[in-house]
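Handing you this structure, nothing more for now.
Per-chain numbering from 1; labels A, B, C and D assigned in written order.
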Amino acid sequence: MARPIICNSMAEAVSDIPDGIQLLVPGFGPGTPHNLLTALFNTSVKDIHAVVNGVGFPSAATDGRKSLGDLIAQGRVRKVTAAFTAPTHPSQQSIAAEMIRTGKMEAELVPQGTLAERVRAGGAGIPAFYTPAGVGTLTATGKEHRDFNGRTYVMEEAIFADYAFIRAWKADTAGNLIFRLAARNFNPIFAMGAKHTIVEVENPIVPAGELPPDQIHTPGVVIEKLVQIPPDGFFRDVPRA
Amino acid sequence: MTEAHTIAGKERMSRDFIAAVIARRFPKGWLVNLGVGMPTMVGGYVHPDQEIVFTSENGVIGYGGILSGNDVDPDVVNAGVQFVDLVPGAAIVHHADSFALIRRGMNHVTVLGCYEVAQDGSFANWRTSMGEWDNLGGIGGAMDLAACAQQVWVMMEHTTREGAPRLLEHCVLPVTAPSGVTMAFTDLGVFSVKNGRFTLEEYAPGWTPEEIAALTGAPLDISPTVSEVQFPR
Amino acid sequence: MARPIICNSMAEAVSDIPDGIQLLVPGFGPGTPHNLLTALFNTSVKDIHAVVNGVGFPSAATDGRKSLGDLIAQGRVRKVTAAFTAPTHPSQQSIAAEMIRTGKMEAELVPQGTLAERVRAGGAGIPAFYTPAGVGTLTATGKEHRDFNGRTYVMEEAIFADYAFIRAWKADTAGNLIFRLAARNFNPIFAMGAKHTIVEVENPIVPAGELPPDQIHTPGVVIEKLVQIPPDGFFRDVPRA
Amino acid sequence: MTEAHTIAGKERMSRDFIAAVIARRFPKGWLVNLGVGMPTMVGGYVHPDQEIVFTSENGVIGYGGILSGNDVDPDVVNAGVQFVDLVPGAAIVHHADSFALIRRGMNHVTVLGCYEVAQDGSFANWRTSMGEWDNLGGIGGAMDLAACAQQVWVMMEHTTREGAPRLLEHCVLPVTAPSGVTMAFTDLGVFSVKNGRFTLEEYAPGWTPEEIAALTGAPLDISPTVSEVQFPR
């Protein structure tokens, strides 16, 4: 089998990422590639166009982990495409929202299902599709509308990114991935939606053949690099309660 | 404070009360999506006999109540990223498949939080600014759900903190969907939204339909079978 | 959980199917719902629009099993949408092809990936999408073409059928399905692509909770009826060699 | 029999020979789709060191040789519904995901059977009738693969049974794709297809480029490095 590269460190895994990339960042609470994001934060990469569910906040963690919010706060994110670009409640403040409001960062706000499907389409060689989500709202402004069977839909174009950071539960040396429960979320579709897909793995990477072919969530053929989360890495989100 | 709001010296229904009122209305076996915020409380008030399946945008099909403490599984969360447990028969799908199911119309109902709802069934819940379109806001899955769920119910406060009505003739804030809301559950009552009209179906204990109408920003029909909300047992 | 109906027999599972339905038939060798097709053959249902990879042939089996080809041979299939409507080699003969040639059955020939994606789109609430497959060929005749990023694509509309027959390896009482290896093929997407999805199951149907949530290939919420393949049913395709 | 075909008293390469010639050309680690018919034989001739991953339209990623006998697994088949085995690291996806990967351009090459190939890279392999469009034919996954694989190689007989050429200036049969073929492997040689021209790269043992050109229905360039096909060890 064609094999992905197995990197020795998070730093190595992100070492050749250039400025200006479009980057897919999965996660919905669990399933966020904290280790790769932290490694990227520790490079000088900038002008990133991040595709992510929510722009988030700078990390409040004291263990050194960084989030997309930290990259945003440093002005290294040129644009975000997200389902949450600002807190819904006016009482909450967000650096990202302030940067968008003042023109320091470009933003594209899209319905969450549209975001997921645009990346799925990109990874599936489909340049555009129609969805009913957002019709009659500001998010459909300027987009092409079309009726099918008496209902109005809006055309949405695919996203196929330069890079994807992925967080997997298990992986084999062929790059096959298994995710755990709700940590799956955007990971399988984002793994297919980029030219270069880099995966941080929670468990030891096992030899090809050890993961049952029927239980693979992401086939290894789309994976470029794997790196195991080291003992001092950021392993799991800590329960908040 | 508006004059109308002074009526509100009376006690309004608590969020838990509203959640329970919503929960008891689900017919048996419904697939229910609960939005971020107040609606996630509804999950705690269904009866096992109702056989409700709760689904979440992140691909969790079949979850139970909100958990806390140290026994939570950090990889099991609902749409509000609150820890929940999986029920027997739960299944996990990825985000694109999750919204495939949502767009396909899987959900009998989505219960969403809401700033404003209008008599045409439009509602607003993702942006508090009326300014120029600047791509700022928090949509999440609300637009997909509002466009595709078989019914849209909103759970909300009847008035703003200043006493202004949130049930309106037309939404002032940017809408989440231009139509679709069939029921509104507020701290003052239960309202059906049909044929461009609000109808009061149940009123909060101690309140009169007239008092509620006075706090409503659109014409309010009174159902011939209107009654006081019963707190479900 | 909302539960699908568990039928006692294949005959019961297909007993309320009316004439004129659009029916999804998965299978690519393995994964074909032989038992449901045989039960349908034994009803009087007609005017079927079948969506299937290949129109196939009448069953050569001597054990009573019937295929879509048998329904076609009886003139009970009004239309087929398929990736194979005729043998490619002129030396082969096909009843279905002859019926299409003589106007006794309507046919729509589509690329296989387009067939799969049209049903996936139907089950995903997407009315239409664009694909490069078939551009510049007869199959794109009369279809809308459109350029994205300098490449020409053809628009394809979704298929959302009335019924789907599905063949699963394992199922639970919540309708969750697991398929085995290459028997998966069209089954998961066809299971989502119809209003009424009926499943024949190889293994005993287990109580909800016994199948791991991370290993489910089709979530039970889209399943209407389950029926276990009886001991005298058609269990597996016999190896041909 | 045309006059040209009488040259063909000479022995042509067998299908196995052609399959081996194709197999040795795969660079290390390529993802290869093998079409129904002759191309499925190619899988038997790769060397383990090449680390080739064979993929099939039905969602099998990583299969090995064609199996027979009673030890086959009835649930493991390739695109020709022939029994195959899975290699370590194999993964299964459903049909829509399989074609998602195909359209995404996963396959470095697809090797397809072929009736006709033209110098512009178009080819025909799904319909032997030139008549009016009647929706009859057998496409399978060939159009998706031809449109989306990084390269398209065709494996074919150089002439029809009657001796007519199958390498042509323009396809006569309806095309599978209007362009895309980069290599043609026939029982007479190996041909590159580039810039609207066929170029003979290797010729069958015992044949001359001139004899092959005479059986070719389009101008044939001869590569400056042309040589006899070596049967790979």
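Just so it is clear, a residue touches a chain if its C-beta (ideal position, glycine included) is under 8 Å from a C-beta of that chain, and two chains touch if they have at least 3 such contacts.
What you see is a predicted model; the values in this text were computed from it and never measured.
Traced through touching neighbours, the fewest hops from subunit A to subunit D number 1.
Across the two interfaces under comparison, C-D and B-C, the one joined by more C-beta contacts turns out to be C-D. Separating the CA-averaged centres of subunit B and subunit D is a span of 58 Å.
Chain centres here are Cα averages; for subunit C and subunit D they lie 29 Å apart.
Mean C-alpha positions place subunit B and subunit C at a centre distance of 38 Å.
Centre to centre, using the average C-alpha position, subunit A and subunit C are separated by 34 Å.
Counting partner chains per residue, subunit D shows two or more touched chains at residues 86, 92-93, 96, 99-100, 102-103, 148. Counting partner chains per residue, subunit A has residues 117, 120, 124-126, 131-132, 179-181, 184, 213-214, 217 touching two or more of them. Checking each pair of chains for touch leaves A-B, A-C, A-D, B-C, C-D.
Those residues of subunit C whose C-beta lies close enough to touch subunit D in the complex are 28-31, 53-54, 83-90, 97, 100-101, 107-114, 116-117, 119-120, 131-139, 141, 179-189, 217, 236-241.
Residue ranges of subunit B in contact with subunit A, taken from their complex: 56-60, 67-70, 72-77, 81, 83, 86, 92-96, 98-100, 102-103, 122, 125-129, 133-144, 147-148, 174-179.
On the side of subunit C, the complex with subunit B involves touching residues 1-3, 120, 123-126, 172-174, 176, 192, 207-209, 213-214, 216, 219-222.
Contact residues on subunit C toward subunit A in their complex (touch as defined above): 117, 121, 124-132, 146, 148-149, 151, 153, 157, 178-181, 184, 213-215, 217.
Taken in their complex, subunit B has these residues touching subunit C: 29-31, 51, 53, 55, 61-62, 86-93, 96-97, 99-106, 148.
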